[in-house]
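Two complexes follow with subunit A in common, the first pairing it with subunit B and the second with subunit C.
For the complex of A and B:
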């Protein structure tokens, strides 16, 4: 997957986890937490969805990498490039 | 070999099961009873449906709310708001001799009632609202502070303290006499700040939604499958034995049976854990009327009553029941949509405190007689706080601590479980966890949130 594909996939996961959020104006370089009503349970769901959909394992120590769209895509690019 | 075995198909077990099955675990829920729901269940008698447990779903927040336990659990379990079909209450009351405070799902009504009847406490009540700890900020250090002490530093009129505590103790306090400050904050939010609602179809609608989702995700549910033993080796649970003798194994185990009840199943626990069990049990009378309650001028959803200035929250030692305090509930008095029509019958339910041992030790004839006697006494006490409905009764039933024991398997029929809660859900075994009432959240929404949060914290991360 390219970074652009990964971004689309993350948006899809977010719309699944938080169906009431408007994701159209999401800023990539600003933390999800500052733009969306996401709590720690929701962040766990991003990790779990990645595992369920793509078999990508994100260790707990790396959860902090998923703070914003930009950092998430950067983190996942090497992990998902061959998918 | 399962990924996770869950003991108990109540709200917390079903919710945890959905989370785990959704993320592709092989999950089995074992339920001792022939039906699901635990305390929040239902039964059918003489052609009528009766709810056990549910007076109201607490923690009500309207569609679109993004904060609070209801919004969180809908998101986590992938339900839409509409699927729970919650209809808000009309309005409730706390009634003590000579003073009655109304409240509904907007805290301003209660605040104005307090200002009217306790004008000197008006500002203190606002201060109390500001001091409440949020759900996510509860810490073990402050959780077990005495609610009476903390509230008493802010509100000074003893009668107002008793009146505010009464509904919160009734709807979720396993401790006698006093309440944990953490539990007070949870209950204050869920009862006064969020509020009451009910699906038109009752609790069965929520249970059916949970079971349907669990099964659709590949989860396995086995009824009439009581667990008789948890096998332990080297500090880990290594299998469970059913009453039938069948053995099952899993990587992890989640028990919603209660802490004492779970420990007693474990091979390695030899001491008598019974003294840690809760003691508070209830009876409930259900009266079916020949009219809607509003036709006899009763429009309250719930009335919490107490017949003196001092509220006694304790097990009745010398009698079967203590009818000085109780909860009157009418499932008819919710703001149902006109298109729903009316519930088929007018119903008045009244809950009182009860002594488990006295009810448990009766033979069948004496049990039926005790039910008749205490039905009459309970209703006679309650009609001091509502219109007398007795000439309208066309059918009735009563459930007792024995019934609660049968549905929940809790020691002493303790509705809210043990006074000491295990907030992190851990046990002495590395791969055995508890959820539900003894983890610290009670009620329908609380139970579901408990199952979700223990699943997230301990069962999803390998």
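For the complex of A and C:
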């Protein structure tokens, strides 16, 4: 997957996790939590969906990498480049 | 407690119903349910569920998003959504100035037959797709399956900080929820009780499969004819979802705010068969009914309507009729009906929902029927059984509501017209 594909996939996951939110104006360089009502259980859903959809394992020590769209895509690009 | 001698109670010990919110397979409000019951409208339809396949069920179509955000629905359980819808509607119906209600003095008492089966089955199904890798088992599983979940979701949604819990009481749970609410009001543990019962049971294949294995799951080519208590051709239970929550208040509080009062809880009883896992014991059921009458200071002849529990099983219906005959055998003016014949068995909601179906008889003087009785089973031929068509009986002052469950749990409530 390309970084652009990964971004689309994360948006799709977010639309499931936060179905009441308008994601059209999401800023990639701003933390999700500053733009969306997401709590720790929601972040675990992102991790779970990556595991279920793509068998990508995000270790707990790396959860901080999922803070914003940009950091998430950067983190996942090497992990998902061959998917 | 309700005085055994039935001495007049002070208003701060008298418990009244001031609001009702419900969802049933044939109506999403008290008025809709009543209209369906008087019109003979069934809520049972064809239904298909994972593994078990095609069957029949009572399915609710309330709008969960009326009181919940999409995310809340996703996070929570169906039982939670049912509870929230019913509790919110009950508060709206009560006319309470909710924004100024002290939420720390509100208690939530939700009867459930079972809870957690739906979510556990969903997770097992999920991990099966991943060769039983438990790493894909959801972190939402525990908050969804804790036994207090349906009541806790109501608390979260309505920002209620008083006590909340569920009352696990098999199919006696709806009445048990009401009774618990009344007791807590009398003990001054809360000033407003949101009390009743909910069921999400149609979303677990296990309940269908288990009733089927027991030979107790109804089948019929016409879904609307499948739930047929007291009929010779009855062949089991139609599982239904549903919910009904009441706002209960002490009479002095209700009077002070000029509340509309649907009726007063003047008697109740719960007891236990202690004889079998599933087979009911008519002697204990009769004792439960008699105890509720005694506590209300009433003779059996004074009850206008008995809302029966009968579920459409061969033995269960006949056993309840033995119990009722022993208590009401000499009562010429008592009528009997059955709401499950319309909506199926809504499990944890049944007691609360079936009572609600009868409450407007205080206003319209009509006893809704038990439908689908083409050939009355002689074992179930109670003299006052209202068959197939509603009956106008004039003044209705007392309704007695039966609700019984597995492991021999029995519950009875008596509501008086206010």
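Basically, the second predicted complex is superposed on the first by the 83 of 83 C-alpha atoms of A that agree within 3 Å, B and C clash if a C-alpha of one lies under 4 Å from a C-alpha of the other, contacts with A are read in each partner's own complex, and residues count from 1 in each chain.
By our rule, a contact is a pair of C-beta atoms (placed from the backbone, for glycine too) under 8 Å apart; a residue touches a chain by one contact, two chains touch by 3 or more.
Just so we're clear, the structure is a prediction, and the values are computed from it rather than from any experiment.
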*Could you look at A:27 and tell me whether it touches subunit B, subunit C, both or neither (first, second, both, neither)?*
neither
*Who does A:48 touch here: subunit B (first), subunit C (second), both, or neither?*
both
*Mind working out whether A:60 is in touch with subunit B, subunit C, both or neither, as first, second, both or neither?*
first
_Taking the superposition on A as described, I'd like to know which of subunit B and subunit C A:18 touches: first, second, both or neither._
both
_Shared contact residues on subunit A, subunit B side and subunit C side combined as an intersection?_
16-20, 37, 41, 44-45, 48, 51-52
*Which residues, counting only subunit A, touch subunit C once they are in their complex?*
16-20, 37, 41, 44-45, 48, 51-52, 57
_Residue ranges of subunit A in contact with subunit B within the complex_ = 16-20, 37, 39, 41-42, 44-45, 48, 51-52, 60
*Which residues of subunit C touch subunit A in the complex?*
69-71, 74-75, 126, 130, 135-136, 138-140
*Within their complex, state which residues of subunit B touch subunit A.*
23-24, 64, 66-67, 72, 75-76, 78, 80, 136, 452-453, 456, 460-461
